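Consider the two complexes below, in which subunit A is the common component and subunit B and subunit C are the respective partners.
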Partner chain A sequence: MSTLQVSNLNDGTTTVATTFVTSGSAKVFSKTSADGTSITKSFNVSSLVDTNTGQQTININSNMSDGDYIVQVGKHTSAANAEWVQSTAVGSFIMYNYNGSSYVDSIMFTSVDGDLA
Partner chain B sequence: MSSTLTVTNANTTNLTTTNVTATNLTDGGGTTSTFANVRAGSLKSYIFGDSAANILKSLNVSGGVDNGTGNYTYSFTSAMDSVNYSCGCAANSGNDRSAMTNSKTASSYIVEVAQQNGNAVDSSHSSNVAGDLA
Partner chain C sequence: MSHGHLWDRLAEAKTRLDPVQSKYRVLFEDPNEPDTPARVLCPDPNWMACALTGGVLPPIETYQRDRDVPDGEPKEHPYAEPIGPMTEEEAIEYLIQKDIDPSVWRDYKGNRTIMKIVPVELIPSDRSFRNAWRIMQ
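Let's turn to the complex of A and B:
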């Protein structure tokens, strides 16, 4: 295990403070199936739970530092559904997809930003 | 430009420096990204705000303003280079809620939260910003 501590990174043209790389890199992302039973693509995800119709729980492999992290969520559907995230805990969160009258299954996407524990 | 910096020492494997210029970045597992992707692909700002624009978690944010029901302004500490940045957002409480961004400038943007019937609603929310700093 080695650590390289650097204040600034330059790609040959542009410099950015390393803070934006360490703090600004996604700590979790996922693409999951509509039925909530399989993970299509992920980073730092330990498992997926089909919590209920239109509700999927993502379990995080390496925990976040607290529940106040930034989650973006999207769904792969042309329907004008509302999607959001609740129950953000250090090791999990729940995604919801709602069509105005009931929860509906959909392929879901998420990314999580913030600090790892 | 092509460069490789390898830090290997069985006892002390830490190196501290101020600036590094390189083409690629490889992690301990052997996965490589270009520095350009790492630099450009890193978020330049994010917030997690409550229903009154109180900031619970942030990067590069100088402050939040509760403009009214479901309407929040966040300002950058270090400005973006233009209004042409990517800004995603999400509602994080209640149900039947969606979030969107509006009124983007190089120094601030607005997050709006509404129910599916179009009515604005107060809600905790999050957003992130990708693009280039000024």
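Let's turn to the complex of A and C:
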């Protein structure tokens, strides 16, 4: 495999640092099964924990620099009406899926943006 | 030759390694939250491929030392020299030390069994009473 090493990219009018592109890439992504016991697609994930019904923890492989990163989370059902992320630590975060009265299992998607350690 | 950043190595490894589904899961209970049900840890298939192949993941000790480094400060594990290939059993032990709190696998002194490595077939598929799961003693 050959490597192209460039510091800047130029489209003819605008110049940006290569780090502008790499820093803008998703640092972590995942798609997990509804029961939280398997990972369908992922990058930079070391493991998934089925914490409880409707609650899954993603453990990150190459940690984030701090807990102030952005997680976009989605679910694969229209039945539940709220999904969110909590407890964002440098090496993990917890996803929740709630239907208004209880937590419910669902296929979950996540994408993380932010700074790596 | 520099071994680069862990994230870069993971990105490169994903292009050439096929994911490996582990035949193991780790069941554990959190002694700090005795009212919560047992949890089930599932290794990531891409991570397992890296662990079995070698040359990607850093030594587990670097993660453990980084736990004491404040957020925002430089960490050791992304730049540490990668370790060689592991067996699947060694990889599970590595993952326990990385992703499960030491209060479960190192510090617990009670009589209950609060952690077990089990074949994936032993995880119940019926989740009707998921919030009451306990490790059988």
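By our rule, the second predicted complex is superposed on the first by the 100 of 117 C-alpha atoms of A that agree within 3 Å, B and C clash if a C-alpha of one lies under 4 Å from a C-alpha of the other, contacts with A are read in each partner's own complex, and residues count from 1 in each chain.
By our rule, a residue touches a chain if its C-beta (ideal position, glycine included) is under 8 Å from a C-beta of that chain, and two chains touch if they have at least 3 such contacts.
Note that the structure is a prediction, hence the values are computed from the model and not measured.
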Open item on the list: For A:V85 in the superposed arrangement: first (subunit B), second (subunit C), both or neither?
Closed with: first
TODO: Would you mind checking which one, subunit B or subunit C, touches more residues on subunit A?
DONE: B
Open item on the list: Is A:Q72 touching anything from subunit B or subunit C once the two structures are fitted on A? First, second, both or neither.
Closed with: first
- [ ] Would you sort A:T15 into first (subunit B), second (subunit C), both or neither based on which partner it touches?
- [x] first
TODO: Go through the superposed model and pick first if A:L48 touches only subunit B, second if only subunit C, both, or neither.
DONE: second
Open item on the list: A:G36 in the overlay: touching subunit B, subunit C, both, or neither? Say first, second, both or neither.
Closed with: second
TODO: Return first, second, both or neither, reflecting whether A:N61 touches subunit B, subunit C, both chains, or no partner chain.
DONE: second
Open item on the list: Under the stated touch criterion, which partner chain does A:L4 make contact with: subunit B (first), subunit C (second), both, or neither?
Closed with: first
TODO: Would you tell me the residues on subunit A in contact with subunit B in one complex that are also in contact with subunit C in the other?
DONE: 1
Open item on the list: Applying the document's contact rule, which stretches of subunit A touch subunit B when the two form their complex?
Closed with: 1-16, 19-21, 23-26, 68-73, 80, 82-86, 88, 96, 98, 100, 111, 113-115
TODO: In the complex, go through subunit C and note every residue touching subunit A.
DONE: 5-7, 10-12, 14, 21, 25, 36-37, 39-47, 57, 63, 66, 71-72, 74-75, 77-78, 95, 98-99, 120, 123, 125, 127, 130-131
Task: Partner subunit C, residues of subunit A touching it in the complex - done: 1, 27, 35-39, 42-53, 57, 59, 61-63, 65-67, 90-92, 105, 116-117
Open item on the list: For the complex, give me every residue of subunit B touching subunit A.
Closed with: 1, 5, 7-9, 13-23, 25, 28, 34-36, 38-44, 46-48, 56-57, 59-60, 88-99, 115-117, 126-128, 132-133
